[in-house]
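I've put the structures underneath this note.
In what comes next, chain A is part of two complexes: it sits with chain B in the first one and with chain C in the second one.
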Partner chain A sequence: MSPVLVILAAISAILAITMLFAKNPITSAMCLLGVLIMTAGMYGMIGEHLVATIQLVVYAGAIMVLFIFSIMLLNLNTEETDYKDKPMVFAGALALGVAAFAGIGTAIWNHFQAGEVVTKGQFSAEVVKNLGGNTKVLSHSLFTQYFVSFEVISLALLVAVVGAVVLAKRKFD
Partner chain B sequence: MTNEILLQLLAAFLFTMGMLVVLMRRDTIMILMGIELLLNAANLSMVAFSKANHMIDGQLQVFFVITIAAAESAIGLSILVNLYRNFGSIKTQSATTLKG
Partner chain C sequence: MDFETIFPFAQLAAKIAFVVGLALGVVPIMVWFERRGAAWMQGRVGPNRVGPFGLLQPLADVIKFFHKEDFTPRNANKFYYYLAPMMALIAPLCAMSVIPFGSHIVVEGKTVVLQIAEMDAGVLFILAFAGLEVYPIILAGWASRNKYSVLGALRGSSQIVSYEISMGLSLLSMLIVYGSVNPHDMVAWQSENWWGFLMNPFGALVFWISIFAETNRLPFDLPEGESELVAGYHLEYGAMKFALFFMAEYVAMIMASALISTLFFGGYGILPGMQMLIDMIVNHFGFSAVGAQNTLAAFQVLSLVSKVAFFMFMFVWVRWTLPRFRFDQLMDLGWKILFPLSLINLVVVTLAVYYFNS
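Take a look at the complex of A and B:
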């Protein structure tokens, strides 16, 4: 287990908890930004360079700027923490969260401890290295095997851009 | 405890935190940020499993998920601006009428 990965994981877990309990939306946005950057670091540490770059550019760059921009646009200041006025709801949600984490954690632990036989794919680290690196392999697969999905996703982005402009503009006259 | 277990447990934890943000907070913008955290946790899980099993399909799936997340946040935030314009607040309990 690599120590850098442990440090990144610990920081992102702490930032996620801070995000949940922060009063100010801008604090939560900054914590989410930290979590996304730490995740990009973890992708880089396990050797997924293309995904790390996309995570950093699109998620931490574009999406979070959009969030912080709209928080500032809407002029949201410190709100009262709304979960504290209903302790039963707070306790119920927390119990549900603990139960969900325990369930997923047990499933993960069982999967790794039982040593289930998993058919490994062909893209081991050596094969990817011989084929020219992570980015080259992923890009080649993206433009051959997943070509149709790629085109459909670009259409979806176009629809989203048009939809966002129509929704955010003033009323039609 | 190997890297794979660490990453999967972290993904489960981040997923739980995102779920709690969606459940507990009443700001629409916090709910949208919780959804981003959920998507991020799912991405982390997919990349880690795909890497551990010597595949590349998980990474490409993550590429598509990130694109959809960008589209979703653009649409969600413009709906939020409309909500603020019509109701003067972005709390979920303030949007209680269907009339615009």
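Take a look at the complex of A and C:
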């Protein structure tokens, strides 16, 4: 593993912990942004430049802007819900978090125990390189083999947009 | 450390130093030109006291910036207040890493591609950093705790987010024409055929208008409209913190000019007539193939720099020609004119490419 990858992972872990414990919502949002950028950096370090770019365009460039916009406009200054009086909720969340962490940790541990990286399916690193890089291969399979599912997902997103507009309009009328 | 190990790092460091040095070194010259050009277009004299033709004026400005009081507003959120100007400069400088400024040179028998990051995603990477340019504006406006700053930040971010769509769509139409996201392929395509703006004039126009909004330049500089918002999102910033925002604006302009040159105006492809000059130099000095390639690369860098200089001049020219828009006019232009236009253009270009390729 390259040392840069380790540094990026360490920074993103610190940012993630800061995100959880920050009092100010803007700090949480900015830490989440930092985690997303660091993740993009990690994708870039393992040579997946397209995934890194998409990560920056979609999550860092669009979704997080929306988050920060709404935090600023709603003027959420401090966390309103106090979880001190709700030990059951806190314990449940903690148990779920520990379970998820244990599951992911086991998967990663098994992966490292296996030694070499095994790519399932036909697109191994050499095949992708011979076909002209990730961008080309991904776009090609997206617009040929997975064309229908791609369009169905776009339709679902369109439905969500129209639904949001209808709901917002009813409230304002 | 032998030569083989050190060479990749050395060439990368040299390229980064060249690009960053050029981008930041052009800023004082542009500041001088902006003021002298403004005076020239308005029939005034402009700064002419410090040095010949006022050329040392930017130096005096820098000394002034360094000596001003480093003031922080009492109610500002300190951390984000200091973070915003730093972020402002990072995004455009990072985006610059994907723009090629020449084909390649040969040093000690090794090929050095004149582009900092040769990546698979190519030009799409620039869109990623164009999206990140919103954060410094939002953060600066929010952290300053000033009504004018917040209004400027809201205007700036909504304007950048809106015009990013038409910018992305016109970029997409060019990707369809070139059939590649690699900037080297784009330049090669344009050298063999025509410059991109002849193939796709509406795309070029929409892109060109959009970069004015993306870089917050007049006629779209509403985030900092002096007559309404004093100075907009950087109102509470003084001394070098303001200078960082100022530099970021110019670096973003250089980045946008380099991007539009690469996409629509042949990139580093040599200007007409230069080939004769290169042949003359190569024959005169009797260069080998390596020397000829390096001469060609030097002229390619010169071509890109002159194209970028032309677009920088256009930025100044438009600034002192057109008055500022109203904010609703700006949004109408973005959403009701440029967005449908770029969408229709995309469909037309797609059909044309399909027709000509089959």
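The definition used in the following text is that the second predicted complex is superposed on the first by the 132 of 173 C-alpha atoms of A that agree within 3 Å, B and C clash if a C-alpha of one lies under 4 Å from a C-alpha of the other, contacts with A are read in each partner's own complex, and residues count from 1 in each chain.
The working rule: a residue touches a chain if its C-beta (ideal position, glycine included) is under 8 Å from a C-beta of that chain, and two chains touch if they have at least 3 such contacts.
Just so it is clear, the model here is predicted, and its values are computed rather than measured.
S.K.: Could you check whether chain B and chain C clash or fit when both are placed on chain A?
M.R.: fit
S.K.: Contact-wise, after the overlay, does A:V65 reach chain B, chain C, both or neither (first, second, both, neither)?
M.R.: second
S.K.: Output check: A:A29 vs chain B and chain C. Expected answer is one of first, second, both, neither. What do you get?
M.R.: first
S.K.: Does chain A have more residues touched by chain B or by chain C?
M.R.: B
S.K.: Thinking of the overlay built on chain A, is A:V6 touched by chain B (first), by chain C (second), by both, or by neither?
M.R.: first
S.K.: By the touch definition at the top of the document, which applies to A:N130: first (chain B), second (chain C), both, or neither?
M.R.: In the superposed model, A:N130 contacts neither chain B nor chain C.
S.K.: Of the two partner chains, chain B (first) and chain C (second), which one does A:H49 touch, if any: first, second, both, or neither?
M.R.: The second partner, chain C, only.
S.K.: Using the superposition on chain A described above, determine whether A:G105 touches chain B (first), chain C (second), both, or neither.
M.R.: After superposing on A, A:G105 lies in contact with chain B but is clear of chain C.
S.K.: Please provide the least distance in Å between a C-alpha atom of chain B and a C-alpha atom of chain C in the combined superposition.
M.R.: Checking C-alpha atoms only, chain B sits 14 Å from chain C at its nearest point.
S.K.: Let me check the overlay on chain A: which residues of chain A are in contact with chain B and also with chain C?
M.R.: On chain A, the overlap between the chain B and chain C contacts is residues 47, 50, 62.
S.K.: Using the touch definition from the top, list the residues of chain A that touch chain B in their complex.
M.R.: Chain A reaches chain B through residues 1-2, 5-6, 9, 12-13, 16-17, 19-20, 25, 28-29, 32, 35-36, 39, 42-43, 46-48, 50-51, 54-55, 58-59, 62-63, 66-67, 70-71, 73-74, 76, 79, 82-83, 89-90, 93-94, 96-98, 100-101, 104-105, 108-109, 112, 118-125, 127-128, 137-138, 141-142, 146, 149, 153, 156-157, 159-161, 163-165, 167-168.
S.K.: State the interface residues of chain A toward chain C in the complex, per the touch definition above.
M.R.: Touch list, chain A to chain C: 26, 30, 33, 40, 44, 47, 49-50, 52-53, 56-57, 60-62, 65, 68-69, 72, 133-135.
S.K.: Can you name the residues of chain C that touch chain A in the complex?
M.R.: Contacts found on chain C: 77, 80, 119-122, 124-125, 127-132, 134-135, 138-139, 142, 150, 157, 161, 181.
S.K.: Can you check the complex and tell me which residues of chain B touch chain A?
M.R.: Contact set of chain B toward chain A: 1-10, 12-21, 23-27, 29-30, 32-33, 36-37, 40, 43-44, 47-48, 51, 53-57, 59-60, 62-64, 66-75, 77-82, 84, 90-91.
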